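Letters are used for the chains, namely A, B, C and D, taken in the order the chains are written, and counting of residues starts over at 1 for each.
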Amino acid sequence: MHADLNADLGESFGAYKIGADDQIIPIVTTVNIACGWHAGDPLVMKKAVALAKEYGAAIGAHPGFPDLMGFGRRNMAASPAEVKAYIQYQVGALSAFCRAAGVRLHHVKPHGAMYNMAGADINLARAVVEAVAEIDDSLILLALSGSEMIRAAQEKGLPCASEVFADRNYEENGALCPRSKPDAVIHDEEECIARVLRMVTEGKVKAITGRDIDIKADSICVHGDGPQALAFARRIRDTLSKNGIELKTF
Amino acid sequence: MHADLNADLGESFGAYKIGADDQIIPIVTTVNIACGWHAGDPLVMKKAVALAKEYGAAIGAHPGFPDLMGFGRRNMAASPAEVKAYIQYQVGALSAFCRAAGVRLHHVKPHGAMYNMAGADINLARAVVEAVAEIDDSLILLALSGSEMIRAAQEKGLPCASEVFADRNYEENGALCPRSKPDAVIHDEEECIARVLRMVTEGKVKAITGRDIDIKADSICVHGDGPQALAFARRIRDTLSKNGIELKTF
Amino acid sequence: MHADLNADLGESFGAYKIGADDQIIPIVTTVNIACGWHAGDPLVMKKAVALAKEYGAAIGAHPGFPDLMGFGRRNMAASPAEVKAYIQYQVGALSAFCRAAGVRLHHVKPHGAMYNMAGADINLARAVVEAVAEIDDSLILLALSGSEMIRAAQEKGLPCASEVFADRNYEENGALCPRSKPDAVIHDEEECIARVLRMVTEGKVKAITGRDIDIKADSICVHGDGPQALAFARRIRDTLSKNGIELKTF
Amino acid sequence: MHADLNADLGESFGAYKIGADDQIIPIVTTVNIACGWHAGDPLVMKKAVALAKEYGAAIGAHPGFPDLMGFGRRNMAASPAEVKAYIQYQVGALSAFCRAAGVRLHHVKPHGAMYNMAGADINLARAVVEAVAEIDDSLILLALSGSEMIRAAQEKGLPCASEVFADRNYEENGALCPRSKPDAVIHDEEECIARVLRMVTEGKVKAITGRDIDIKADSICVHGDGPQALAFARRIRDTLSKNGIELKTF
C-alpha cells in the first residue's frame, strides 16, 4: 500500500517570501511549483526546482490565474481557450527550469480558483486536460478526487491522480465544502489524521452530512506555512508510515 | 549563396493589436515570437506559432524585460542571474506552444533593451548563452553581428547567427548607432537595399564614419508594422532573390 | 430638454493604441478615462485629460478590474472591500492628472465587468458608492439606468446619472441583454437612432420582449473605435440637436 | 532643536507580507507609504493610512518604478516625462485614501531606484519636483540631503526636507556609498547612533574618506523589518530624546 504527500511550493515573489520551502520539502514526496502568475517568479522557480531535485521530490507545475494581487484565489471568467493557453504557457515556463536542471516534469496541478472552477465545470476541465495532453501526454494531472478534471482526464486517457485534503470537510457529492461554510475546515488534528488514514486505506470519508462517501486518495495535500502546518504534515507522514503505507509519488 | 529575413511577431496583447503578423509572415523565412513579458500573451503566442507553422517559417523565442508598459525597450538594471532566469522562463513558455503545435523551436533572440544590453555587456551575454544552452544546446542564438552575445555563444560553442539591420547606421566598432543620434536611421530605401545586398554578398558595410567595416549578415531584420514597412520588406526579399541569393532560415 | 453623449477614452497602453480619442472627443460632451488597471497608463491618462480640457468635455474616472490581459471585461470574484479600494485607488490616480491640468473631476463610471457586476449586486454597488462618496460626495456616479448602482447612489444620497446604450437590447427588467444572446446588439442604425430619441424624450424603450419599459437617459454611451462608430456617434449627436435637445453633460 | 524619524510602510502586497507596520509606526513621526507599483496594493494602502492616522504620523507617498518583481530597486531607463507621470499617478492614488480617511497628505518621497536616479540626475529631479508641485505645491519633497532632488526643489520653490541614513557611509560629495562597496553599511550601532546625533546637532558627518562634510538631517530614515531594526530605531529615538531633541515631522 502506498500514498503520496504533496505541497505547493515556490510561492515567493521578488522580495516577498511565502512558505518554508526548505522545511516542507523533506516531509513530502511531491511538490507543485507556482509558475509566476498567481505566485512565483523565475528565480524562485529555479530555486524550487533545485530543492525538489535535491530531495528527490516529484515536480509538478502549479499554474494559476493571472491574479498576483489575489494569489490566484479569485474566480475569473476566463474562457476554456484562455485557461488552456494560460496552462500551456505556465507549464512550459516551469519545464524550462526542469530541463535546465536535468529533472523531469512529472505532473500538473492547477491552483486555487482555477483548480476549483475546472474541478466543477467540464468545459474548463477539458481545457485543462487538452492543455496538458498537447504538451506531453505522459504528464499526470493532479486534481480533486471526484472532480470534473478527473473525469475529463479519464475521457481523454490522460494519466491522472486524485487529491484529498486532510483538514477539509466534503459535501456528499465529493466536492469540498466551500470555506464560506462554518464547518469547511476541520480543526481537530486527531480527527484529520484518522480521516486521512481511512481515505488512504478504505477509500471512504464521512461527508459533512454524516454519510460515508467514496474518495480516491492518490495524494494528500499538506501545507508548509508555519510551524503548526509543518508539525501536522509530519504527523500525517508518520501515521502513514507506522501503518505500513509506503510514501512515494503517484 | 543564401540569406534569411526575420521579423518580430506576436506582439499583440489582449485587446491590443500591434503588427500585421499575417502580412509579414509570407515575406520572411524566420520569426521571433514575443513571450508575454514585453509583449504577447498566451493566446497571441499560440496563434503566432500556428501562423509560422502554416507558412513554414522558422520559429524563435523573443524574450524581453518585464516591462509591458515600456514594450521592453527601456534598459533595466537586471543582474545576469535575473536575465538568465527571465530568458529560460520565456523560452520555456513559447516551447510549450511549439510542442502543442508539433513544431520545433529553432532559435532565441532577445528583445529590445535586453538585446542591446546583452549585446554590449559580456556578463549579460554569457547569461543569455547559458540560459539557452541549458535548455537545449542545439537552439541557435540570433544576435547583433559583432556583439558580445555572438562572442559569448562562440566561447560556449552554442550555435549562433548574426543579425543585421537594413535601415540602421553602424559605428566603426560594429555597434548600431544609437537612435538618439541624428543619422541612426537611413531613410533612403535605395541606399538601404544596396547596403543589404553588400552586407550579404561581401560581408562589408560602410560605417557612419565612412570607413568600411566587416559585418556578418546571416539574417536581416525587417519590420511588418504598416504598409510602407511591408513594401520595404518585399523589396529586400525581391532584390535578394533577383541576385540569386536563396532565402532560407539560418 | 437636454442630453449627454459619453465615450470611454484613454484606453491605449504603452506602445499599444486603442481608440481614436482625438476624433470622438469633438462629438461627445463627457468622457470616461481609463485609470491604468484594465487599460490606460499614466502618460495616456495625462494626454486624455489634456484633450478633454481642450474640448471642454466633462471628465470622469473609468476604473476597472486589475485585468489588463482581459481589458477588464472578465468577471472577477473581488469582494466589496476590494472593489471599493480598487476604485479609490484609480479615481485618486486620475484626480492627480486633473489637478495637474487644472480641471475638475466630474464623475466616476466603473468599467466592463466591474460595471456589470456592481450593476447587478447591491453589495458591490454599495461598495462603489462608498468608494466615490468617501473621496468627494459631489462626484457623480454614472451607471446603467435602473441598475443596483443607481439604487445604491440614491440610498446614500450620492449624485448619479443614468446611462443608456444606443445599440443594445434591454430585458424587461431594464438589464442589458447579455451579449451571448442573439439579439443583444441592434444592428439597424435607423432603429438605434429612433430608440435613442425616444429614450431621451419619452423615457421609454421597447424591451426585447416587445413590452415598453421605463428608462432614464441622462447620458448615451457612444463608441469611437473605427470610422463606422464615429459616423454613428455623429448621427446620434445630429439627431438630438435637430430635435431641439441640447447636448451638455449631466 | 528637533528632528524626524521616517520609515517606509505599506509594502505588503496581496497575500505577501513585508514589514512590521504596526510595530515601527509607534517609533517614527513620519511614514512613507508605497503606492502599488513597486510594493503595496489598495487594501494595504488604506490600512497603512489608517495606522498612520491612529498614531498621528505624517503621511507621505512613496512612489516607485513599475517593477514589483524587483521591489523598485532596479534602475530603469524611464524618461523624465515618464517619471513625472508615474509619480503623479501614484501620489494621486494615495491621496484618495488620505481623503477617504480624512487625513492630509504631507509629503512625497520617491522609492529605491527612482530615489537614487532622481537624486543624481537633475533632469529626473526636476521631473519629480514638477510632478509634486503640479498636484499641490504645499506638498514637501523628502529626498537625500545634498541630492539633485533637493536642488531642483529649491530651484522651483517647492518645500523640501533632507533625509539622512543612520547606518550608511557617505562619499565626500554627499552621495551615499553604493551598496556594492565594502564599507557602504556601518554595522557598529554605537557609531551609527553617534553619527546620527552629530548629523542632527552639528550638520556634519565623516565621509568614507575620513573628511567631515556638511549634511542636513531634517529626517532620519529607519527600518522596521525585524526585531533588530526595530530595536535600533528605538535606540535612535531614545538617544535623540535624551539629548533634548524634539521628535516631530518636518
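The rule is simple: a residue touches a chain if its C-beta (ideal position, glycine included) is under 8 Å from a C-beta of that chain, and two chains touch if they have at least 3 such contacts.
Note that the structure is a prediction, hence the values are computed from the model and not measured.
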{"item": "Chain pair, B-D or C-D, that carries the greater number of C-beta contacts", "value": "C-D"}
{"item": "Magnitude of the superposing rotation for chain A and chain C (Cα, nearest 5°)", "value": "180"}
{"item": "Rounded Å distance between chain C and chain D, as computed from the means of their C-alpha atoms", "value": "39"}
{"item": "Interface hub residues of chain B, defined as touching at least two other chains", "value": "41, 69-70, 82"}
{"item": "In the complex with chain C, residue positions of chain A that touch it", "value": "66-67, 69-70, 74-78, 82, 113"}
{"item": "Chain A contact footprint on chain B (complex, rising order)", "value": "36, 41-43, 45-46, 81-82, 85-86, 88-97, 99-100, 131, 134-136"}
{"item": "Of all residues in chain D, those that touch chain A in their complex", "value": "13-18, 39, 41, 68-71"}
